[in-house]
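My questions will all concern the structure given below.
For clarity, chains are labelled A, B, C and D in written order, and residue numbers in each chain start from 1.
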Amino acid sequence: MKILYFAWLKTKLQMNGETLPWAAERPDTDSLVTWMQERGPAFAEVFSDRDVVRIAVNQEYIIGNTPISEGDEIAFFPPVTGG
Amino acid sequence: MKILYFAWLKTKLQMNGETLPWAAERPDTDSLVTWMQERGPAFAEVFSDRDVVRIAVNQEYIIGNTPISEGDEIAFFPPVTGG
Amino acid sequence: MIRIQQEAFDTGAEIAEISKGRTDIGAIVSFTGLVRDFNDGRNITGLVLEHYPGMTERELAKIEAEAHQRWQLQASRIIHRYGNLALGEPIVLVITASPHRQDAFDAANFLMDWLKTKAPFWKSEMTADGRTVWVEERTSDIDAARRWQK
Amino acid sequence: MIRIQQEAFDTGAEIAEISKGRTDIGAIVSFTGLVRDFNDGRNITGLVLEHYPGMTERELAKIEAEAHQRWQLQASRIIHRYGNLALGEPIVLVITASPHRQDAFDAANFLMDWLKTKAPFWKSEMTADGRTVWVEERTSDIDAARRWQK
């Protein structure tokens, strides 16, 4: 799975993204976020407030828990501020 | 008094405007309109429907009857259609 | 700023001029009205716009001042043409500049609605069959202007 | 039409292009968003805009399609920049063309409101004291976008 981070998530995690293998312990976006929260201090901080982290799966916003599979592109980012 | 006609009033009356002396029998806009209505067939037609004739005195819209005096500029025109 | 003129104008040049050398403007909205070939079921070949010189300037100045009172505007521009206008040519231009996007949008919308019902311009259309038809007032324009009554 | 680009754009040229050679357009509304020197109480010296390539195009295309479904539009254009932007430079451009003025106004207003809350762009501001600050979401933008919910 391709993971992407944008804006201050990227700054705080000090990476644009990473490749993660699909794993049975994180079959959907909710479990992936929980896994992220337990990954270390920087991740814990970034993912501490679920309300400020938006998620897109394959470049589409998701609302609620969504299954993920190998080959998906999963992006985490704060509320958008363009325009 | 300077009298001005615009748009289809001008076309129907075949003039841009005229100069009328102030007269005691038409001391305000209402009496001026009544006087116009009795002036001949073209005027009678143009001023027959008071609702479609707008009046400006000295380049300001007037609502309701307004006194007029020598030196005033009185304009008659249909609802505006610019923009 | 108000301009009443016979010659065509360039929307882009007017927008560029309003923001030139400034870094305090956040939003610019422009409205350009054009002569179109079809109106109220008639094929049009051109327009003639008549106006009331003197009163036009006064009314547009009042409308512009009202917009500056209602919204936070840093600049505005109203340009309206008169005379003979060919198909596709611009008739009217309204530009508003503001630190806030909704102020710029609302003020431009308001300026057009008030201008449509208050500025002393009259359109006549040349129709495809060679007639000249005075354009009639639209109820929708009156309703649009009424929205802004306080 | 959608464009996402690093280089500046010319609002006037884009407006001219939309109506070029056409005589069926009655109204063109444009919105230009500019980098301004002051925001939320901070003095700004410039902006950096980050975006999500791929998703940005998809979201803007959806937003544009939605506008064409809701209003009678003959043409539209959305241009959004990314990268480093200097004070006074344009950030975003929305243009709508319609036979009817209110359709052009409403569609442009809608496009900006939805773009503000849906298009994956993130602004960071360079402040006068040398810091880089990620811009925070505005409640007013969320409320503005909510107006258009059916």
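Following the convention adopted for this analysis, a residue touches a chain if its C-beta (ideal position, glycine included) is under 8 Å from a C-beta of that chain, and two chains touch if they have at least 3 such contacts.
All values reported here derive from a predicted model rather than from experimental measurement.
Participant: What's the fewest number of moves from chain B to chain C, given that each move must go to a chain touching the current one?
Facilitator: Shortest path length, in steps: 1.
Participant: Take the average of all CA coordinates in chain B, do the same for chain D, and state the distance between these two points in whole angstrom.
Facilitator: So the centroids are 49 Å from each other.
Participant: Nearest whole angstrom, what separates the Cα centre of chain A from the Cα centre of chain B?
Facilitator: 73
Participant: So what's the Cα centroid distance for chain A and chain D, whole Å?
Facilitator: The computed centroid separation for chain A versus chain D comes out at 26 Å.
Participant: Would you pick out the residues of chain A that each touch at least 2 other chains?
Facilitator: In chain A, residues 83 touch at least two other chains, as defined above.
Participant: What parts of chain C, by residue number, touch at least two of the other chains?
Facilitator: 33, 101, 112
Participant: According to the definition already given, which pairs of chains are in contact?
Facilitator: Here the touching chain pairs work out to A-D, B-C, C-D.
Participant: Would you pull the chain B residues touching chain C in the complex into a rising list?
Facilitator: 4, 6-8, 10-11, 56, 59-61, 75, 77-83
Participant: Considering the complex alone, what residue numbers of chain D touch chain C?
Facilitator: Residue list for chain D touching chain C: 10-13, 15-16, 19, 21-38, 87-88, 99, 101-102, 104-105, 108-109, 112, 144.
Participant: Please output the residues of chain D touching chain A within their complex, sorted ascending.
Facilitator: 33, 49-52, 54-55, 58, 80, 91-92, 112, 115-124, 134-138, 141
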